[in-house]
Each structure stands twice: as C-alpha cells, then as structure tokens.
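Note that the chains are named A, B and C in the order they appear, and that numbering of residues resets to 1 at the start of each chain.
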Amino acid sequence: MRLTIASDMSFWTFLALSFSTLAAAAGTWTFENGKASVSAKGSPSTESMSFSATKPLTSPLTLSARETLRLTFTLKDDAKTARPHQAFLLVSDDTGLETFFPLSVKGESGKAKVELSHKDLPAHLLSADKLSLSIALGSFGSTPGSIVKIGTVQPALDAAAKVLLEQQKVKDLGEGAIVYKAKTYIQHTFREDPTSPPVAITLVFTAAVLTSLLGLFIAWFGILGANLNHLPKALGSAPISHPLFFGSLVALEGIFFMYYTQWNLFQTLGAMGVVGPISLFSGSRALREVRARRERGER
Amino acid sequence: MRFATNRAMTSRLYTIACAFGLFASLASAASLTGPRLLVVLEGQDEKANYSQFFGDLEERGYQLKFESPKSESLSLFTHGEREYDNVILFPPKSKGYGPNLTPQLLLQFANQAGNLLLLTSPSSTPEQTREFARELEISLPPRDFSLVDHFNYDTLSAPSKHDVVLVPRPKASSSTQNYFSDSDSKSDVIAFRGVGHTLGNGPLLNPILTAGRTSYAYDTKEDATYAEDPWSVGSQLHLVSALQARNNARITVSGSAEIFSDEFFGMKVKAQGSNKKVEVANRVFAKEVTGWTFKETGVVKVVGIRHYLTSGVDAPINPSMYRIKNHVTFEIELSEYSNDQWNPYLVPSDDALQLEFTMLDPYYRLPLLPSTFSLNSTTFTTSFKIPDQHGVFAFRVNYKRPFITNVDEKYTVTVRHFAHDEYTRSWDISGAWVWMAGIAVTVAGWVAFCAVWLWSAPVAGKSKGKKSQ
Amino acid sequence: MSSTGVQSILKEESTRNIRQLLKVVILFTIAGAAVSSRLFSVIRFESIIHEFDPWFNFRASKYLVKNGLYNFWDWFDDRTWHPLGRVTGGTLYPGLMVTSGVIYHVLRFLTFPVDIRNVCVLLAPAFSGLTAYATYLFTKEMKDESAGLLAAAFIGIAPGYISRSVAGSYDNEAIAIFLLMFTFYLWIKALKVGSAYWGALCALFYFYMVAAWGGYVFITNMIPLHALVLMGMGRYSPRLYVAYTSWFALGTLGSMQIPFVGFLPIRSSEHMSALGVFGLIQIVAYVEFLRQYVPSRQFKTLVKSFFAITLVGSMAVLVLLTLSGVIAPWSGRFYSLWDTGYAKIHIPIIASVSEHQPTAWPSFFFDLEMLIWMFPAGIYMCFNTLEDHHVFVIIYGILASYFAGVMVRLMLTLTPVVCVAAAIALSNILDAYLSVKTPVAPDAQTASISGEVSEPDTPVKKVEKRRNLLDSTKGTIIGIYSGTSKLMVVGAFTIYLFVFVLHCTWVTSNAYSSPSVVLASRAADGSQHIIDDYREAYYWLRKNTPEDAKIMSWWDYGYQIGGMADRTTLVDNNTWNNTHIATVGKAMSGREEVSYPILRQHDVDYVLVIFGGLLGYSGDDINKFLWMIRIAEGVWPNEVKESEFFTSRGEYRVDDQATDVMKNSLLYKMSYYGFERLFPSGQATDRVRNVKLPAKGPELNTLEEAFTSENWIVRIYKVKPLDNIGRDHAAASAFDTGKKKTKRGKAAKAARKLRVV
C-alpha cells in the first residue's frame, strides 16, 4: 500500500502547491517573520535564522538529541494578522510518511510558535536522514489555504540512540513487521560433490595394480616354478571332487560378482547356500587327496 | 488431467459448490459468501435516504433484511450458525446498538466467515463500534470530531464549512490488485462528509480511501475557532479501510454513511479554484466497496496443485515422498472470481506468486510463472532440484496480498536420503577404479593360488617350503 | 540349587550317559526358571511393551515385518524429529528387530498364528534361557561343567540381568547379553584351540553383537585388552595369533556392514585399541618368527628396541590423526565413563538420563545379593590357576566392576562375570566339601587344592603351571577330613542359595516387573489399583487428533507417543539432535510469547506434559524441568538462564514464592493450569513437592486444554491458531472475557503512533 499512498501524496502536493501559487495572487493564508533556532536545554540558543513563505531555509538544520528546534511566525490572512483554523507544522520523510504539530497561536495577533525535539518524533521519522518541514495554513471561509515547505532538518543520533530507535521501530510496527508482499528469491546452494582425481592418474595406478598380478604370476610360474603338472594325477585319483571344488570356488566369486552388480542379499544367501556345501564337501575330498600326495612326498 | 486437492481445498471447493447451488436457485447473487444481507438501520426515512444504494444491492441479487439496531428479534445466528452472510451496520441515532450486536457477537460473525460493512458518522458512532474497531486496530475518533479540508472542498454544498471533502478515487497500483479504481467511470472524485480513522500496522488492515494531505479531523465542539488538538491529519487519516481476516471474512469500516446516500450519489461538485461542475463517483465507489466486502471481487481460489518428478515420463502425481536431489516440478492452478464468474488469475506486474520449499526455513523461494491458461484458471509452474537435506519439507504457496483472499497452501512431502542402492555405482567413479582393480587382482590371484596349491608339482626343494606356508 | 544335590549323585554314578542327560535336564530347568521368573509382568499386568526404548524397537519391528528388510534398511522416518525426520534405518542397531522378525516369519511359516507384539514381549525371556546356556559354556571353559551349571543358574535369576530382560522389556540388551557371553565363549574357545574356525565363529557372533547393541564396543576393547595382557605376560602363542587375527579381520569387516557403525571401526578412538593390538600382534609374531632363526641376544635387544620405537611411533600417529580429525575423538558418552562429572558439565543431555548416573552402593547388593561377595573369591580362584582364559575373566571382572560403578546401566555387563566368578568360587567350595571320600594325606597335596577332587585325572600340565605362581600355598592345603565341617559349610551355603533364590524372586517381582507405562498402587486395604493414565492419554491422541498431528513433549515420551499414539513427535529418546531437544526445552521454559512462535514454526498441534502433582507421581515434567532448562541454556545461554528459575535463596520452588520466570514458563503454566479448581480456594497442594500453590492459577492464552487424564498425570494442550483478526492471544482472550481495552490515553508527550506500512 505504501506505493499507493506515495503516489497519492505526490499528486496532492502538486495540487496543493499549484493552489498556493495560484492563490498567492488572490490572497491566501500566509506567514511572515519566520524564525528558526536550535537550542540545547540550559544553554543559550544559537543564532536564529529567518525564512519566509517564499524563501525557505536554504541549509538543513541539525537537531541533536538534547536540542529543541523552535520556529516562530506571524500568521496572516492575506495581509492582516489573524488566526486560521488550521495551522500545522508538517514533518515528513522522503517516503511520504508524515506527522503534524499544531502551532500554538496567540489569539488574533497571529503570533505562532512550535517546538520540535527528538522525543516528539515517531521512531520511523526520527531515523530518517532528512526531514522536510512544511507549514499548512487554512481556515473556513473563502480565503484559500497554503502549504509551504520551509526547510529541512537532520536528526543527529549517536550509536546508542540508534539501537534504541531500532527497537522502538520494531515495537511500533508490531504485527506490521510482516508485510504482505513478494519476498526476495532464495536459491539453495548444494554441498559440493566429492571429486575424483584426474583419470590419467587413476589409469596409471590401475595399470600398476593390474601389473602386480602379472608380476605375481611371473614370480610364481617363472621364478618359483609353480606349475599345474599334477592336474592329471589329481583328476585321476579324485575325478569329481577336484573339478567340483575348483568350480565351486570360482562360482563363489561369481556369486560375489552378482551381488556386487545386481543381486540382493537374499538371492546371494540362497546361492551361497547351494554352492557353500558343495565346496565344503568336495573341498574336503580334494584337499584330502592333496594331503595324500604330500604325504607321499610328491609336493 | 489429474488433480489432487488437499483436505482444506476440497472443503473450500465444497462450500463454493454449495454457494453455486444457491445462486442457481436464487437468481444471481454475485456474492460468494451468500445473498442474505442484513441492514441495521433506524427508521423508514433513513431507509429512503439510501434508496439508490439499496436498489443497487438488490439488483445484484442480495436479499435485504432491515432491522432496527435495538430490535429484539434481531439475531445474527440461529443454532450457532450464521443467519446472514453479510451485514451492513448504519450508525444508530440512539446511544448504541442493542444486545444482539455486541462487539463479541460481531467478531463471532466474522469468525464464522460473515462479512461486515461498518458505517460510522461523526455524531453518532456508538461506543460499541469504537470498541469493535479497536480490536481491529482501527481507532475511531471520539464523538463530534469531523473531517475538513480547506484546500479540497466542495464549494457548492459546503462553501463555508468545508466539510464536504473531495477525494480522488484510489489510484491503480502495479503491485496490488485494484478493485476500487475502475477506469470506466466518468468521474474521478468522491465527495466525502464524515470523519476518518487511523490504522495500526497490522498486515490484515488496508486503507481503501485515504484523506488528502491537507485534511484533518478536529473536535467541532471544543476547537471551533482553532484546531488546537486535531485527532489526526493528512495521510494518516483514512476514510474507508478494510480488514480481511485470516478466514477471509471481510470487514470494511467507512468514516461516513452519507457518502452512500442518494444525496451524495447524485451530487455535482465544484472544487475551489475550479470552474467546472463535476459529477461524483460515489455510486461506483459504493458498488466497488460493497462488492469487495461481500466477496464479489478479489476472491482467489486454488483449483489444483500438482507436483511430480520433472524427468519421469510416467512419474506419479503428488507423491508423498521424494529423494534428495530429485528434480521436481510444481504447478498451482489459480482462479479469480470477479463479479459473477471465475476468470484466470493474473498476478499484478510488480507482484510475484512465489513457491517456497521449506523445512523450518525456506530452502527455495522461486517465482511461479504462468504456463497455461484455461477458460477459468491460470496454471503457474516452476521446477527445481530438491536440496541435499532430508526431512519433512513443504511446498508452500503463501500468497497473501492486499484485497485478495489468502492463498496459503502447504503441501507436505517427505524428502528421504539416498537408499542403499541409489548411490553412484563404484564403476562410475573414476577414483574407485584403482580399488576395483585391486579387488580383481586379489580374486584372480586367489583363484590362481588355489589352482597352484591343488595341482602344482614340486620343482625344487626351495620353492616348496615357501608356498606351503 | 538343584545342581548341588545332583553333584553328589554324579560322583557316584560314573556312567557318562546319565551325566549327559542330567546336564541337559538341568540346563532346561534353568532355562525354564529363567524364562518363568521373567513373566511376572505379563501375569500381573498384560502382554505389553515396557518403558520407553522398547516402544521404538517394537515400532521398528512392526515396520520391518510389514515392509521387509530392504525397506527397513532404507527407512526414513518422517514421524519423529519433525520436521527433520530421522534416517532410522541407518541410525539403529537392527539386530533386535531382525531377530524378532526372523522368529516371527519362522513361526508364521510353521503356521503358528503369532502376533509380532507377543514375539517382541517374550523375546527377552527366551533369550535369557540362551544366555544361561552361553554362560554355562563360558564357565565350562573356565573350570568345569558343574561350575558351568552353577553359573547358568545364577545368570538365569540374577536381578542384575533380569532388570533388563523381563517380558516386555524389548530392548537391545535383551539379546545383547546372550551375544556378549556367547562371543566371549567363542573367543575363549578360539584361543584355547587356536583355530581360525572358532575365530571366524567368534567374529560371526561379534557381528551379530554389533548389529544388536552399541555395547559391542565393550567386546571390541575386551578382546584386544586380553590379547595385549597375554602378550605382556609373555604368553604369546600362535594360538593367540590365529584367534585374534581371524577374529579381528572378519569381525571388523562384519561390523562395518551395519549402516550405523559404518566406518567407525577405522575412524573412531573407541575402536583404535583393537586395530593397535592387531598391528602389535603382527610385530610380535614376526619377532617370534625371527627368534626361531636368530637366537642372538644382541639381536633380541635390537628387536625389542625396534618394537618400542614402533609402539611409540604408532601412538604418536594415532594422537596426530585424532588431533587432525581423521580419527574421531572419543564420544561424550565414552568420556563420561572416565570422568563422572564430565557429562554433567558438558553434555547435560547424557547426564539427564537416570540410567547414566553413577551406581549407588546398595544396588550392587540389591542386584547381585550373595554373588557380589562370591565374586572376589572367584577372581582369586582364577588367579590361582591363571591360565590364558582365566586372565580374561580377571580383566573382564575388573573392567566391568569399574564401569558398573560409573553408570547404573552398565551393571548389566557386570552381572555375567559376577555370576561366572561366583560359580567358580562356589563350585570350588562344593567340590571340596561335598567330596564324600576322605582324602589320603599324601595325594591330597596335588588334588585338593582347587577342587579337582571330583576329577581324579587332573591334567599334569595345570599343576606344573601353577607351581611358579603360588608356591607358598602349595602344600599347606591338605583336604577336609571332618564330616561335621563338611556338613556345616555345605549347609550354610545351601541356606545362602535358598536366600538368594528368595531374594531374586522378590526383587524381580517387586522392582523389575512394572511396565512403567501402567502404574500400580496399593490401597489401604492392600488391594491393587491400576493407574493407566499414560495409555488413556495416548489412546485419546490416537482417536481424537488428525493422523498427521504433531505432538510436542519432552523427549522421554517421544517413543511412547510414536508407538502408542502413532503421532508425529518433535523429539524422542533417540537423542541424536541436541539442538532440536534444546528447542523443545526453550519452548517449555520460555514465556508464552517466546514459545508460541517456536510451536508455530515446528507445526506443533498439541503439547503433552506429565504432571504428578495430584497423585504424587514424582517422575513428572516439573521435576525434569531443570534438565530442559540446562539443555536449552547450553544452546541459547542468553535467552534461557537456569539461575532465573531459582529464588534468590537458591531454591527451586513452584509455590507463590517461585520466580516470575518460573511462573511464566510454559511448562509451569501447562502443569498447573486449572489445578486450583480441584481444591477449595487457596488449598491447592502439589503432592510431589509438598507445597501449597498460589490461590490464583496460571493463565494460558496461546494454548487451550484439550485433554487431562483421570489422575492428571498426562495433560494435553492444543495450540491455538493465529487470531482471526490479527490480535495477539492475550488481547483476544481479554476481549472474549469482556475486558475492555483501556482507551488510547493521550499520553502527555509521547511521540504519535503512525501507520508506517
């Protein structure tokens, strides 16, 4: 909604300003002898600066925590001093947030003054960089009102006050801390995937590992003289158990391979249940034959 | 097309279906809540003052029932159920409303999804209304405060009192839906006589009509000569405001009953400094305000929600479980009711319909973009990859915006971890090849060793000893 | 016990078959006694799962039976730890559930129409029979069969073990003690035989143990320690090498198959001793191997120094790896074993569990009765013979008694060794005193010393081994000649045994057979009154709340809510996420305004509290409150402060002297909400803390009472939704009760309130 209000605001300011310029010729509510001074409590006020309806204050006033801004005017209905029904100091920030302070006017003399200090300002205004001050004058009857910007004021805050101010802002907002509007987008950042070393290095090491098998075979068969010369002898004395035992050993490895690639635990256990006893029984026969050979001194 | 709607949604659809059933039998009441409208108003002559206003309502299918504020027979509920769908409360002439219109009862009416239009006036707003409004975070000024604007008043009807204030119609905004700035209207100004109110910061509250910067509310009894202590000034003053409760019941508070009167409907006004007499837009505005309050506009409904695995051709719709790092697509189909039909819902240009994927905190907040339109609805879609965090997540579309009914859909899904057989297989990881080669070598070596052990013949005495170790 | 009478017959009957038959009969009788003494709870109450953890195990078993092993393995549980969920399949020890699942399927296959609940309830008693058998086997290896039978009888009825294995106590320990004893038996067997076959069997049961209980770490450290001590005593042998290496290699590989354990065996400090000893034994074996070939003295010193350097070096590497984080440092629970104050300071969540408290002295006597004084005697007997396997009992005894002193729950691991040692001692006594033969003086010297009287064929080896150890005692013991003294001693021990049986039965019946889900109280006339508030409340939840309702409670009740009410919980007894528990603690200890957003954020629908003030039930949430506060303070030290819950004089009070923070805490409000209505004005009394409560009870705005059980033990509150028109709950309830808001007073000089949104 803020956008809507703000757009209204600019429209109205424009309208009001156009009115005031228009009415200036015809005679409007106005003021003169505008004086602004900033004073701290107990210390003499600084030099007061003058302004008028047509000449606003040029430099921004600085208002710190213990100081009071005092504005005095003489209000006029066209030319003669008078008291209008509406005589407010409007304080707004640049988002269009605005509050008001009625002037205290002394009877029909038109002498008006208003004081402004930090504690009078709502937290959301006080935390703004720059506040603009306007005077709105108007009354019943036909004299047009006027709304005039008279200057800007900069609230000076120390660090501690800023913290308090932020707390106060949250408190003022209450439920309004939740605003029903589109929120910022969020993307999830994923943890990085684990990385593998370069394939070339992997391949080198893989080749090294595979070569070691070759080395082992060379050591066994080439240097240490391992051989399979007793195969016919073994088959001769235990024709069933030897192939069966060796076959079941290979089958066990095959089962492991199937488990690794696609089987689940139950299939694996089932297959093991078949192959295991075979290898147990044939193995004991085959190994007995091997022992017999050893006992005969053939190994 | 398969839609799975969650429980809340089906029940909502059911009520909507019921509402449709009612329409069919009772001509065409445009309100989605229902046509039964209670008008609390004192006296026949008052009723005559608002004949056009009531006529317009009847034309739109409402069944008006008039009751006096103190009436004994007046009851908002029968057997605990709402007797009426909508209520308009005019300010009573006497001190207050009767015992059947206490703030608690009004709130209960809203809690049961009834809509309220609360009209106030400077001189006769009862304390009960004020108390009720206070619960809504709307502050009504004390008695006898009145709104004036010395800069924008009607020079014809209030040349000296300046209390017929001219307010432009609400401007269209690019970030919200606009139900109060119909561009067809010839006139662009609303004449207002009454008082404003100030609002709290709650997100449910939204001003419809805001006072101009130069207007203010003052005490007509105390501060007749000088506004020493005005109630409020400028844009902090709101003339017509709305609260949409969490159950989508709508409560609208107007600072003036008169703006809906025949007098104001037909008024021609001339602003200060202008020479042209213009017609006011009060009648259009009244239609817009009552239409919105009684849910003829700004009702958005969720037709369906679908989410599924993006990649899967035959992926199941709305599964209850996903896995981390799945790619999913989420679709939501929205439809908007305007006046008498369901239209495809369109998101304002500066707004966004967003999907959150949350577990305690949102992991994703993504824009849902319109993908397909049907005759009655728009489908909004987005796709994303589920975070690498397991847990109970929710697809959440929390689309609450001013002036439309809340869309707050929370669709819980479980995101599980990788199952034991869903990790990358080792042969797909190049770094594992070395280890796999190691296993292969071991297996081959073992088989060869077995063969050698079984069938090797002794060669020389030396090699035998080592092998048999 | 029966075995004492049997013994004398055995001595006369030399027929092997009758001995064998009697042994079997006795073992079955022991198993029968073990099982039946655990059925008190079923008879007293009903076939119901007990306590807390068993409810989870039960729920998991149901899931396993319903969905199969693989789904169980990959189980992601979205009904606990909302909204985080729990990777349950990967964070539990599946042994228990798989065991009961297998039993269930086997029985179904045999067409027994059993319910999984009954399998679960009766699993622990059934396994206690097996434990008795395993203890028999273990003790038989230590001494002989008669000692084995005694040990089996002891473990069958010892309250220290019964406390964890009554019917319905469906917890990991129910099967773990059997596995512990059986693994130890197999280890001793493997060590004695020196065969890889027994080592592999030991590894297989070790694997089962790992699958069943986190206490497997005890075995993981016991066996290496045993091996290390043996090596230190210079008793390295190839048998040890074969037994240890085959156990370690296969056992470690096996244990790594359990998802919850995973790579811990090579990554965590608790497992490093096994790995270290494995490395050490390789070096020792190598040195032994070398010694056979090179008998040079200088070489030996060289080897020794090399050995020392390797040891120091590997220790340094271990420390370095631990510091660098490659090896996980010791877990908190493990630290608290060494420093009893550690947990209290650093991990309140562990200290808050009652079974992690140090054991009080009386409970040793309560749980073990006469065994506790037989135990040192048995250990002494082990020193007497001191073979390799006796070293094991000694180490086990020392370690387990230390741990049992540190933590109440570890009394469980102590009980078996106490039974074994006591059985050795008692069997020795009976051997000596039940001998009908009058010993002949010269022979007695060798035979009577440690009860080998019954077995005349004492191995000569044993006697030789003993010689160098306890030479001084040799020859002084001659034998028992007098029949009177035999009768006296045997009579005294018979009485002791009878008293022991009575004590065990009494303890089992009175202390360990309460399901704790159902409470029993005795009225003045002695009649039993059942207090069934828990189940009343859980069934209320089950029947009256939506199925996806989220229940917040303190974690103690998480498993029960999941198991009995079948509703989603925020935290439960699997305390894996301290922060989440602390969040609940914060919600419980915070003001309503603080807690409500937490409840909303976690989708909480209902809050459950336990309140004992009406009945005088001391295990309620107010008494646990300080732990909630402490745990929450550990995570949010600035928002929750324990000191604020104590009065200025340092008292923890709940009456009108209680601090404001206490009175405004959600738990306090939920406990005492509406309590004063039960009493005449100003007379409300909390019977647990024995204090008068303030006349005006607490007000609750964000919650509404949904259910309070018969005796007010369980109170359930529903979390209110957000106010329909955006007010805070306090304002809303003030409005509902008709309290008028004070008008916005024109405070003299305060800044004006603006609408800024």
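What we mean here is this: a residue touches a chain if its C-beta (ideal position, glycine included) is under 8 Å from a C-beta of that chain, and two chains touch if they have at least 3 such contacts.
Chain identities (UniProt): A = Ribophorin II C-terminal domain-containing protein; C = dolichyl-diphosphooligosaccharide--protein glycotransferase.
Since the structure is predicted, the reported quantities are computational estimates derived from the model, not experimental observations.
Chemist: Measuring between Cα centroids, which chain is at the maximum distance from subunit B?
Modeler: For subunit B, the chain whose C-alpha mean is farthest off is C.
Chemist: Comparing B-C against A-C, which pair counts more contacting C-beta pairs?
Modeler: B-C
Chemist: Report, in whole Å, the distance between the mean C-alpha point of subunit A and the mean C-alpha point of subunit B.
Modeler: It comes to 25 Å between the two C-alpha centres.
Chemist: Could you tell me the distance, in whole angstrom, between the mean C-alpha positions of subunit A and subunit C?
Modeler: Going by mean C-alpha positions, subunit A sits 46 Å from subunit C.
Chemist: Please compute the C-alpha centroid of subunit B, do the same for subunit C, then give the distance between them in whole Å.
Modeler: Their C-alpha centroids are separated by 55 Å.
Chemist: Two or more other chains in contact with one residue: find those residues in subunit B.
Modeler: Residue numbers touching two or more other chains: 137, 200-203, 236.
Chemist: Multi-chain contacts only, two chains or more: what residues does subunit A have there?
Modeler: 1, 99, 172-173, 175-176, 179 - these are the residues of subunit A that touch more than one other chain.
Chemist: Mind pulling the residue numbers of subunit C that touch at least two other chains?
Modeler: Residue numbers touching two or more other chains: 70, 726, 753-757.
Chemist: Spell out the part of subunit C that touches subunit B in their complex, as residue ranges.
Modeler: Per the touch definition, subunit C meets subunit B at residues 70, 73-74, 76, 78, 82-85, 87, 90, 259, 548, 601-602, 721-727, 731, 735-736, 738, 740-741, 744, 753-757.
Chemist: So in the complex, which bits of subunit B are touching subunit A?
Modeler: 137, 148, 150-152, 159-162, 168, 170-171, 173-176, 200-203, 206-207, 210, 212-214, 216, 218, 225-230, 233-236, 272-273, 325, 350-352, 354, 356-357, 362-367, 384-385, 387-388, 400-402, 429-434, 437-438, 440-441, 443-448, 450-460, 463-464, 466-468
Chemist: For the complex, give me every residue of subunit C touching subunit A.
Modeler: For this pair, the touching residues of subunit C are 69-70, 726, 749-757.
Chemist: In the complex of these two chains, what residues of subunit A are touching subunit B?
Modeler: 1, 3-5, 7-9, 11-13, 15-16, 19, 22-23, 83-88, 90, 96, 98-100, 102, 104-105, 136, 138-142, 144-145, 147, 172-176, 178-188, 190-191, 196-197, 199, 202-203, 205-206, 209-210, 212-213, 216-217, 220, 224-231, 233-234, 242, 245-246, 249-250, 253, 256, 286, 290, 298-299
Chemist: Could you pull out which subunit A residues touch subunit C in their complex?
Modeler: Against subunit C, the touching part of subunit A is residues 1-2, 97, 99, 119-126, 172-173, 175-176, 179, 264-266.
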